[in-house]
Amino acid sequence: MTKSEMLRMYEQMLRIREFENQVFELYKQGLMPGLAHLYIGEEAVAVGACAALNENDYIVSTHRGHGHLIARGAETKPMMAEILGKKTGYCKGKGGSMHIVAYDKGILGANGIVGAGIPIATGAGYKSKLKGTKQVTLSFFGDAACNQGTFHESLNMAAVWKLPVVYIIENNLYGISVNINRVTAVEDLSVRAKGYGMPGVTIDGNNVLQVYETVRKAVTRARKDEGPTLIECKTYRWKGHHVGDPATEYRSRDEENEWKAKCPIKTFESYLLKNSIAEEDELEEIKNSIINEIQKAVQFAKESPYPEPEEAFEDLFA
Amino acid sequence: MTKSEMLRMYEQMLRIREFENQVFELYKQGLMPGLAHLYIGEEAVAVGACAALNENDYIVSTHRGHGHLIARGAETKPMMAEILGKKTGYCKGKGGSMHIVAYDKGILGANGIVGAGIPIATGAGYKSKLKGTKQVTLSFFGDAACNQGTFHESLNMAAVWKLPVVYIIENNLYGISVNINRVTAVEDLSVRAKGYGMPGVTIDGNNVLQVYETVRKAVTRARKDEGPTLIECKTYRWKGHHVGDPATEYRSRDEENEWKAKCPIKTFESYLLKNSIAEEDELEEIKNSIINEIQKAVQFAKESPYPEPEEAFEDLFA
Amino acid sequence: MKEITYADAICEALDEEMAKDENVILLGEDVGIIGGNFKTSVGLRDKYGEWRVKDTPISENSFVGIGIGCAFTGLRPVVELMFADFLAISMDQVANQAAKLRYMSGGQVKVPLTIRMPIGGGRSSAAQHSQSLQAWVAHIPGLKVVLPSTAAEAKGLLKTAIADDNPVIFMEHKMEYNKKYLVPKEEYTIPFGQANIVHEGEDLTIAATSNLVIKSKEAAQELDKEGIKVEVIDLRTLVPLDKETIINSVKKTGRLLIVDEGYLNFGISGEIALSIMNDVFYYLDAPIMRLGTASVPLPFSPALEFSVIPDTKKIYGKVKEIVG
Amino acid sequence: MKEITYADAICEALDEEMAKDENVILLGEDVGIIGGNFKTSVGLRDKYGEWRVKDTPISENSFVGIGIGCAFTGLRPVVELMFADFLAISMDQVANQAAKLRYMSGGQVKVPLTIRMPIGGGRSSAAQHSQSLQAWVAHIPGLKVVLPSTAAEAKGLLKTAIADDNPVIFMEHKMEYNKKYLVPKEEYTIPFGQANIVHEGEDLTIAATSNLVIKSKEAAQELDKEGIKVEVIDLRTLVPLDKETIINSVKKTGRLLIVDEGYLNFGISGEIALSIMNDVFYYLDAPIMRLGTASVPLPFSPALEFSVIPDTKKIYGKVKEIVG
């Protein structure tokens, strides 16, 4: 990995972090309709994974999708505008935080139904396999999604048909308020891969280089038509389940602090500095440019017009 | 296991075989409405498994349910009457072959939706756990049902909550025309148990004693509140998927003959004789009494009246 | 009377029934430690223990099935779906199993199962978390379908649901949870199949469901001032449906407007109209009209969402249109 | 014209579209080696290979989802559900995903997906394999819904479905598969949203779906002899619905009977009636009537089943009741 590739990953993690911070601000200011599920703390997963893709590959995201979208190259202006329900948003205000699609980036969509993106990702894989296009699809989903029937059904089909899909579990320990240990008896969710006949591995989801390396191998495997892989990334969401959840009742501040100490961005920053890959001021510059960019995205979103009521009746049928 | 217990198992296997033979006859004579899925060839699974139960335990069956019901003690007269759509049937003609319930025997129902009985069985287990009744539930289902989401979801919950349920896969190699190897990459479906954190084992489903022993251990475990077990029984259905399927297009006569040579009844018969547990004429007597019983069941069913059209409007709400 | 929220009223109904009958249990996502996504079961896990108030994994189809297995074997489970939209995931257990098992067994078993879920738009929850899918369940024989309006209605009807020996789909409106209402202090229940006239009038009948009953009443009060007397009927239960109350009212008023938040197309309003048509046809002074959610997925942006769902103003406008 | 079965007509439509466009694929249980449970894809796997005609595991919700993923990325998949009852298992992908993804994306994507499935009773398949669930899908914005009557209709409409850039629910009647019909020899398609008058008359209009069109026509021919002239309309597609043809006919006849095999309660007939009410109200000589399946689960025994589903005799009887 070149220096510029590494700095790109660093930048992308920062972009997600700052984007989410500003989404939270907009929520607190009462400017955001509905809710949003923040990706803060999990940045290394999306960024490491998407760094392993080619331009014409696909990703399928979840309700906690901002991170995946940014990591895959979605633009922050139309994302932020969408989150505020504006006409200039990716979905013209029809989708909102949970449903952003950026088709031109191969982003087949976030999804509000837990587990529902997994078969869709598998279908994208089916198409690539059938057409021999060598495109790979990344399917992101949470620990809790691993208990939906779609996880099981889709992974089974992907394995038996050797589809070019990489399944990435973001195990942040919780599905809303429910700790994964209260609803699943196994320690590592990646063991389920054995039941389908595909490789499964559990890694540190806060280590962007490890995520990148692991996903890269899986992507290569998929591209060579050797089939899917299940990768479990252990990570943590720093904030509540959504912007309105204080996360006070079901987990401890100690636990939160323990994970914050393992901040994926800080960790990578130290790595870059310690190994003299980058200088402090270089990183500072990136930070400033990101803050600036996101500020502009917020401004763009705020200043954009709402859609006209009649637009509600458009875009139903092609 | 006592001699009389073994003879009881032998008798039950014969009862199923003869029952199914006569169901097939009724179909061929055009006396049976709809279709039926015959259990011929798989008798050792139901009989071995149900022999391990106490009187107040539960079973949940499938579309291929006649064998489970008989093994669990359902009476052949109201079963046959139900299959012919008669008023004297277990369900007064409303259910038919795929939907027989015999609540007084703890038979919570056959089910026409593949995989749908698994959560229902799991719920019966939940009740036993909550109430501390020590009742165990057997959940039967086929190899193809293992690819339904309900399999995954239910086994996960049973494992994490340590519910007293024993899950029994009848791997007869096919879901209708589809060989399990064409839709699943793993050799033994019992490996999936690991993904939930429960024990899983694959056994010879044509060996009634092995089925009995394996299920007995799992039942004991469940009764001691140690949780569920997944047991895969390798077996084979001798006939087509249902009475109308000649099974000519998707499997070979050689394969069929190979499995017929492993007939669970013949195998057990040889065992009983070789180990001098029973004499030929004892077994002959059992056979004759069974033929006689099923003949009476057929006669009962044939002679029973159909329900009156108005009865279609009864039994909707309690 | 006391003033409590709609969410509290539901919690009270659950609490009272759980206290009375230890076979009543509650299953669903996040119903335990945090007391439900909409705070409808706060404190119940502490009071009744984790086995009677169970946080489930995200496995809707199967935990509804677990509810059925429990109901089959002697319990009276209440299963919560976090959003009515998740009916789509659990529809097999709801419609092919719970609804049919008694009938298919020839009456051998009963399924005393209540399935609760929030419906409705208005919170920018977008297309997959805002649907009012009563048309799906009302269509399936074997399910009772309840749509309470106020907190008092929700409490009384939920207690009846839990005591019912049949599967009951209980649809709560998510915009109501935090609203306060007067609720009787003493214990009470509200029977199924008895619609409730919440506002009397002679000029036009509105038959409404869920919180559109409240909005219809608001519209009626506004119309009162203009001398247009609207009778507002809270349908309460779609199955069983109290046709008699609607018929009697329409015979008096000669006009009927049906108001429901489900998608208008192929929703419940056509059925309600047609099922009373024979009885009221020769009394009608105007065609039967209805209001529903426009037949598009619920859009996210509030600039779009409010244009597609019915509200007080739209009800008011429709009445004026009909009355002339 | 040539004489082929309804199943063959479907197979021909699939074959023609697959030959024309290599992006057309077929997914479903047993569609491959044995050519479908109802023999609607015989020979296609041999012709187009196992990747374009794929036998799937029993994973309905996910293989519908796979169809969506394929449709998203450039294919035109046809997914087969072995029975319409299994919609209940796949409803999330059908109604929350396929129907909504285009809209939620603000029009960025399209979902050219056809989902085929058999509906209907009459084979003693009992409660879980006999349902006609058109009301569920017709209610969901974003889905087109097709119910062909004869083999010729099935072929022409299926070709249109596959060519459509939107999700189409295509419901075949299982009692028709083995029946022979005349079908044009040359290639043809039938557009959506254009109902078809299959029998003309002035006394009463029947608007019917699926194979009840055929039975309605039989009844009409019987009634002809008695001088009762019935106009029979084959609705063909519920979404889009050709209201104009119904309205014009009812304006002429003054009477409407809607006939559909879905459960009567909260089924499609109420909607059809109400959606044309404003246009025909002052032309009506009698209340609009309808026939549907009685609202109980489909019973197994033929002694019971035929008493709950509509047939020629019941249509005949209902017409007599209305007309005279």
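Before moving on, here are some points about what is shown:
Residue numbering begins at 1 within each chain, and the chains themselves are lettered A, B, C and D in the order written.
Following the convention adopted for this analysis, contacts are C-beta pairs under 8 Å (C-beta built on N, C-alpha and C of every residue); 3 or more make two chains touch, one makes a residue touch a chain.
Fair warning: this is a prediction, and the values are worked out from it, not measured in the lab.
By the document's definition of touch, common neighbours of subunit A and subunit C comprise B, D. Taking each chain's centre as the mean of its CA atoms, B is the chain most distant from subunit C. Rounded to a whole number, the gap between the C-alpha centres of subunit B and subunit D is 36 angstrom. Between subunit B and subunit C the centroid-to-centroid distance comes to 40 Å (mean Cα coordinates, whole Å). Between the CA-based centres of subunit C and subunit D the separation comes to 30 Å, rounded to the whole angstrom.
Residue positions of subunit C touching 2 or more other chains, listed in rising order: 56-57, 59, 61-62, 85-86, 88-89, 92, 96, 103-104, 126-128, 141-142, 296-297, 299-300. Residues of subunit A found to touch two or more other chains are 91, 93-95, 99, 111, 113, 147-150, 153, 156-157, 160, 182-184, 316. If you draw each protein chain as a dot and join the dots that touch, every dot ends up joined to every other dot.
Within the complex formed with subunit B, the subunit A residues making contact are 147-153, 156-157, 159-160, 182-186, 191-192, 194-198.
Only residues 58, 60, 89-95, 99, 101-103, 108-109, 111, 113, 116, 118-131, 137, 149-150, 153-154, 156-157, 160, 314-318 of subunit A touch subunit D when the two sit together in their complex. Subunit C contributes residues 25, 51-52, 56-57, 59, 61-75, 77, 92-93, 96-97, 101-112, 141-142, 144, 165-166 to its touches with subunit B in the complex.
Put simply, subunit C touches subunit D in their complex at residues 61, 85-89, 91-92, 94-96, 99-100, 103-104, 126-128, 135-136, 138-142, 238-239, 262-263, 265-275, 277-278, 281, 286-290, 295-297, 299-300.
Across the complex, subunit C meets subunit A through its residues 29-30, 33-34, 37, 55-59, 61-62, 85-86, 88-89, 123-129, 294, 296-297, 299-308.
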